[in-house]
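In the two complexes that follow, subunit A is the common piece, with subunit B as its partner first and subunit C second.
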Partner chain A sequence: MAERPEDLNLPNAVITRIIKEALPDGVNISKEARSAISRAASVFVLYATSCANNFAMKGKRKTLNASDVLSAMEELEFQRFVTPLKEALEAYRREQKGKKEASEQKKKDKDKKTDSEEQG
Partner chain B sequence: MADVVMGKDKCGEQRLVSLPLSRIRVIMKSSPEVSSINQEALVLTAKATELFVQYLATYSYRHGSGKEKKALTYSDLSNTAEESETFQFLADILPKKILASKYLKMLKEKREEEEEENNNDESEDDEVES
Partner chain C sequence: MAAVVPGSGASREEEGTGGDAATPQPPAPTSAPGARLSRLPLARVKALVKADPDVTLAGQEAIFILARAAELFVETIAKDAYCCAQQGKRKTLQRRDLDNAIEAVDEFAFLEGTLD
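Take a look at the complex of A and B:
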């Protein structure tokens, strides 16, 4: 499947917002700098993915998982990302668990309702 | 599949990840050796990319000359790619720029050097003949 060049780019608006929030107030970012950071971000995804994939292959797995990504960050000298990433992972897992429990509860309630309707 | 992972607040106060997961996935899958990606790996890669953007921007700003002008410029970024080992993987896509006039001057000087070498060779031939 061939990707068009635009598909490998990240949305400008989001990239710009992340940059602005990181830099002190009132700092200008040239359009060229913005575009360069966006390209760099795409390259980073490829770089990180390739490295993470090596860890997956070492573990004889075909599916990239969270620990592969974390190992890649250490390997590529982005250790500073590891703690915030672990926190994000915990938050994501809690959220997924919450969603699952919510939908299971909904199903239980629905079943209960159907039962009582049939009885009535 | 939700494109954006929502944070705890429903009023959208803080999202876990702002970059679109679908786009991150497209980029990851463009890598030929990758077979499949589990959802957690996708979320973490997206989050790591955001952290990377922040890091690249702040590092380049702090180390760049743009600080006096309160601006982040392309040359701040290309300097970072050249000087920092961590960001060296970006060197090819963030090349340093030189003025066109300087480049043309370099070309001219190179051509003059080569011409001089050719002239030296010719005079050697003359000596051999006589």
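Take a look at the complex of A and C:
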């Protein structure tokens, strides 16, 4: 069976959890509906990627960046996603910065340790 | 009233294409804080992005935003489909609720014909 991009499904457990949290308590979802939503999400990513890529190419860039994706959301009439996505992006950047600083600190500590070992 | 959920013994059924066939590594979350920001595994999203032949490279932030957008999309379409189920006074979302939502909502037009 040929592997189509839409077959790259996102994990069922995660999809189910997202759906359940979006819906009121006591609401269930049939396997077929969940599977269809999962596939729809994959199609969405592919579609958004293609659209974002157009923006990147317009900007003569070879690497897709966050603003390309945000532009794609507006283009695809998902403007309502833009604000929450911008907030998520800021939180993500803060987290990445924190991680980077933490690993740089670790490295500094390691270097300090090595120095003191050499001296001792 | 039609039988709502077939559920005859098949409570947990792993679909063949659902996850392990495509990628060799399991979608393990790399860090706890990351899991809060995005529940979908970035590796899987990245695989989807790379499936596009026109895409050369994608930055980490782009992948992350796509993952988050996909989550928002799932929430949105689930809620819209639920409106249809509610009208039918059902408490289980069915495939046809999804089809109705796709037909009714303009933004979902791109999905027509892709889910079969």
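Convention: the second predicted complex is superposed on the first by the 113 of 120 C-alpha atoms of A that agree within 3 Å, B and C clash if a C-alpha of one lies under 4 Å from a C-alpha of the other, contacts with A are read in each partner's own complex, and residues count from 1 in each chain.
Just so we're on the same page, contacts are C-beta pairs under 8 Å (C-beta built on N, C-alpha and C of every residue); 3 or more make two chains touch, one makes a residue touch a chain.
The shown structure was predicted, so the numbers you read here are calculated from the model rather than taken from an experiment.
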Simultaneous placement of subunit C and subunit B on subunit A, clash or fit: clash
Partner chain in contact with A:Glu32 - subunit B first, subunit C second, else both or neither: both
First, second, both or neither for A:Met73, with subunit B first and subunit C second: both
Touching partner for A:Asn12 - first (subunit B), second (subunit C), both, neither: second
Touched partner set for A:Val43, first subunit B, second subunit C, both or neither: both
Which of subunit B and subunit C A:Ala88 touches, first, second, both or neither: both
Clash-bearing segment of subunit B relative to subunit C, given 27-35, 99-107 or 117-125: 27-35
Subunit A residues contacted in one complex by subunit B, in the other by subunit C: 3, 7-11, 14-15, 17-19, 21-23, 26-30, 32-33, 36-37, 39-50, 52-53, 57, 62-66, 68-70, 73, 76-78, 80-81, 84-85, 88-89, 91-93, 95
Interfacial residue positions of subunit A with respect to subunit C in the complex: 3, 5-12, 14-15, 17-19, 21-24, 26-33, 35-50, 52-53, 57, 62-66, 68-70, 73, 76-78, 80-81, 84-85, 88-89, 91-93, 95-96, 99
Complex contact set, residues of subunit A against subunit B: 3, 7-11, 14-15, 17-19, 21-23, 26-30, 32-33, 36-37, 39-50, 52-53, 57, 62-66, 68-70, 73, 76-78, 80-81, 84-85, 88-89, 91-93, 95
Touch list for subunit C against partner subunit A, complex: 4-5, 10, 13-15, 17-19, 21-23, 27, 31, 33-34, 37-41, 44-45, 47-49, 51-52, 54-62, 64-66, 68-79, 81-82, 85, 91-95, 97-98, 102, 106-108, 110-111, 114-115
Complex contact set, residues of subunit B against subunit A: 5-8, 16-20, 23-24, 26-28, 30-31, 33-38, 40-41, 43-45, 47-58, 61, 70-74, 76-78, 85-86, 89-90, 93-94
